[in-house]
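Next come two complexes, and both contain chain A; in the first it sits with chain B, in the second with chain C.
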Partner chain A sequence: MTGTEHTAGSSRRATGLATLDRRWIYLALAAAIALSIVARIRFPDTPSPLVQAAYDRVETLPPGASIVMALDYSPSSRPELEPMAFAIARHAMLRGHRLILLSTWDTGNAMIARLCTEVLRREFPERREGEAWVALGYKSGNEMLINAIRQDFDSMYASDMEGRSCADLAVLAGVESLADCTLIVSLSSGTPGLKEWVLFAGDVTGVPVVGGSTGVGTPEFLPYFPRQIRGLLGGLKGAAEYEAALELGHPDFHQRTMAATDGMGPQAVAHSLIVLFIVLGNVGLLLQRRQRRGT
Partner chain B sequence: MRSRAPQLLVAAVGILLVLTAFVPRPAPGAGNAWQGFFAYIDENFSVWFNIMAVFAFGLGAASLLGVHGGRVRRRGRDWPYSLATLLAFGVTLLVGLLKLGGPPGLTGDPADSASILGRIFAAVVSPLQASMFALLAFFVASASYRAFRVRTREASALLAAALVILIGRTPFGSALTQWLPEPLAFLRLERLSLWIVQVPNLAGQRAIMIGIALGVVAMSLRLILGLERGVLGKERP
Partner chain C sequence: MSGGLHLSSSVEVWVGAALTLMVFSYLWRDNPFYKLAEHVFVGVSAAYVMVLGFWTTLWPNAIAKLWPGAARLTTPEAVEPTHDWALLLPVILGLLMLGRLHPRTVWLSRWPTAFAIGTSAGYNLVRYLRSDFLAQIHSGMTPSLIATTGGRLALGESLSHAILLGGTICGIVYFTYTRQHRGAWARVAGTGVLFMMVTFGTTFGYTVMARISLLVSRLHFLLGTWLGLI
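Entry: the complex of A and B
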């Protein structure tokens, strides 16, 4: 091989690394995620201070405390937020709290229905609907809905999702407005969401707010921690950390599903692959630069 | 008068709602008439807004029918997509209003899982939304590969932060740098990742939030003072 051929070969390799066809990236990512799902790769997780604060807030409430949980998300962000909802609902049921489920999103009813079917009715049959928990569902109005129920639940929710009168439900005894609740949990992937629950409910009533958001949305809420948001679950990792905290705190309780912990394996593999591609791209770029300097 | 009356209404409602935030709520059976008045305003304006928000759904539907109906009539660009939108809208609205397959009556949940609307949500909306969001992972991977290059100092800093966050947010991150001794524990990837998010990012977020809040105050003042008229629609000659 002559010097010119060698240089041409190196140049092609450098260009190849720096300008990889995106279809190779897609293929590699799909294969890596599929393999890690099939292989059920799992990593142990430990709760970060943000998640531990949220866990401790639920854990230290006296039994029977009323928690409002707003499921403000849609199927697109369900994989990240639903594991949070499941883990917090389990935790609340284990601790004997009362759970009030509602949503400011029109897709919320379906999300609430899944939580009721998959967790509350199946795993806690002894904690009965109407006594230990209630699904109030979605109402229009966005932040004005929060503003209205801050003063009076009855003004917006005369009945629950099943059509039962709220006045007859034991779970709502003594709970006339958001101000009567002990904790607000907002799991959101947009607007209205966690920010609106802080501004229109938590800050005004003094009821502590704990929240969960998608991975990309979490940085937006960090300025509110720890005064206005008392605990924060960020993305799938936040949910996995909450599952880990629940496992540590209640070792006798078996979590039937741990979707976040299961999902962290494929996510870790995908992140690593992306890092690998970024490194490869930069190696190609540096090689190209060196060759340009050499010629 | 046509524009003056709405302007006065906006100003009056704006001033009242701002004042409600500063007037303390009276205890039940206590407080003076003014406090009671502002508490009444605060409570009921939210409910009135929610009632008006329901009418906004009707406006949204009218707008959708106008835009897509017009495109289908004119056989405009991509009109078959508009037709699909109209059909999907009509069918979904009909099965929801009639509560087909679900619990009947006024209080019956139209989105009950047994209803056709519930099934449309579970079989069409849910997988479509999830698929769209899942595709983002592939675009993010491709975009990261192309964007995160050490071309300039700023780009290099961005690349370093991205790498730390990407690895630090996975269990790999903890495992990779767990060996670092306690005096150097701050260099562990998960702690570095948390530091980036909680210190430089937090500073930027706060700056943006304060800027937006000042903008909102300025815009609200312009609306109340009648300097911003776009919200009232087009000026009539």
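Entry: the complex of A and C
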């Protein structure tokens, strides 16, 4: 190859990379993820200190401890937060804790219903609704709701999602306000969410708060760890780490679904592809610069 | 791999798959299918929020407490709540908000708006001051040199604390505008910018992970629940 041919080839490659239709990138990404889903690619995960702290908090509570779990998310962030909810709920049930499910998001009722159907009723039929867990559901009011139940649960929740009077439920015996709870778990994808639970509940009552957030929101919560948030699950990775912690801590228990662990394989493949595209983009830029200098 | 197509027979799944593909079609270009999915989403969301708000909050927390007999209309076994006439005030404020629907009565909605903004600002000021300002200062006041139980220097933890302290100081210096950024001061501020860049990079990385998680979930739904390939 002569020097002129070599320069012409580099020029074509550089122009090709610079003018590559972005839809090819979408297609490549979708194909890579689809293939890794079908091939069931999985990578082993180990819990990070942030996730381990959350796990230990649930693990070390005495059996019968009451945990308020707020599912403050919508279907758009369900892929990241639902695996966290499933894993923490399983953990709480295994340890014999009482679970109080509620939401400050109007879409929370559907999320709570899924958790009840898929995990609590199906996997723990011996832990009866009303005795081991209760679904209080959504109420409007945002942070004012948190503020209200910090002082008095009854003022906002007279009945559960099924219409049963809260006064008759054994699971709520001795729980008159948030201060009577042992742990607050907030799984959130926006406002109101984890931040509001820290500001309006945890910091005021002293009840420890453990949180889970979407990947987008996680960096915002890192400064709160470990004093104001005692454990943090960040995005799908955090959920996968919690599933791994549960597997390690309770080897006899079989997790029927491990959506986060299943999702991290395709996630890793997609990330590798994105890194490859970034490298290719930079190579293209360097080739263009060299071409400009040559002319 | 289970092998072969096992198409779902559920109408719900087919509707979900169709809407997913309609939204994905935007990646090709804007088109009527995407617009249809978008409008369905907006309409269903608005109706859902309205109906849910009525039955989960307005009915049990306001109407049933002002008119206790109403509680038995929906759930005959429910315990009849006691009268709470104090709720008339928030109900009236809520009704005033509807004044926005007509140009001549818009002014009525300013009262509940003022009430909502005032109480929210008051509550938030105290809480943010306590949790985001004072508590964060407290969290930042950590010793830079950490010793292990054996009395040795815990290098990793000490380094982590030193970076935290350094990053905090450099960041504050960057946002100090009462002194011109020159000489050593400018170098410290520049280091603050570097720390911020790392933070933005972390945030972007997490955002990529979040978006890919959504795509993985949707493809999992299409390939598994809809097509039965997995």
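Assume the second predicted complex is superposed on the first by the 287 of 295 C-alpha atoms of A that agree within 3 Å, B and C clash if a C-alpha of one lies under 4 Å from a C-alpha of the other, contacts with A are read in each partner's own complex, and residues count from 1 in each chain.
Quick note on the criterion: a contact is a pair of C-beta atoms (placed from the backbone, for glycine too) under 8 Å apart; a residue touches a chain by one contact, two chains touch by 3 or more.
Worth saying up front: this structure is predicted, and the values here are computed from it rather than measured.
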Contacts of A:20 with chain B and chain C, given as first, second, both or neither: first
Contacts of A:37 with chain B and chain C, given as first, second, both or neither: second
Partner chain(s) touched by A:144 [first = chain B, second = chain C, both, neither]: both
Partner chain(s) touched by A:153 [first = chain B, second = chain C, both, neither]: neither
Chain B versus chain C as contact partner of A:227, first or second or both or neither: second
Touching partner for A:281 - first (chain B), second (chain C), both, neither: first
Which superposed partner A:263 touches (first chain B, second chain C, both, neither): second
First (chain B), second (chain C), both or neither touched by A:113: first
Partner chain(s) touched by A:272 [first = chain B, second = chain C, both, neither]: first
Footprint overlap on chain A, comparing chain B with chain C: 26, 29-30, 33, 76-79, 107, 109, 137, 139-141, 144, 147, 156, 159, 163, 215, 218-219, 223, 235, 237, 267, 270-271, 274
Interface residues, chain A side, partner chain C - complex: 23, 26, 29-30, 33-34, 37-40, 76-80, 106-107, 109, 137-141, 143-144, 147, 156, 158-159, 163, 165, 167, 198-200, 203-204, 214-216, 218-219, 223-224, 227-228, 234-237, 262-263, 266-267, 270-271, 274
Chain A-touching residues of chain B, taken from the complex the two chains share: 42-43, 46-47, 49-50, 53-54, 57, 103, 105, 107-109, 111, 113, 118, 121-122, 125-127, 129-130, 132-133, 137-138, 140-142, 144-146, 148-151, 159, 162-163, 166-167, 169-172, 174-175, 190, 194, 197-198, 201-202, 205-206, 209
Touching residues (chain side chain C, partner chain A) in the complex: 1, 27-28, 48-49, 52-53, 56-57, 60-61, 74-75, 77-79, 81, 119-120, 123-124, 127-128, 130-132, 135-136, 138-139, 199, 202-203, 206-210, 212-217, 219-220, 223-224, 229-230
Parts of chain A lying in touch with chain B, wherever the complex brings them together: 20, 22, 25-26, 29-30, 33, 43-46, 48, 74-79, 107, 109-110, 113, 117, 137, 139-142, 144-145, 147-148, 151-152, 155-156, 159, 161-163, 215, 218-220, 222-223, 235, 237, 264, 267-268, 270-275, 277-278, 280-282, 285-286
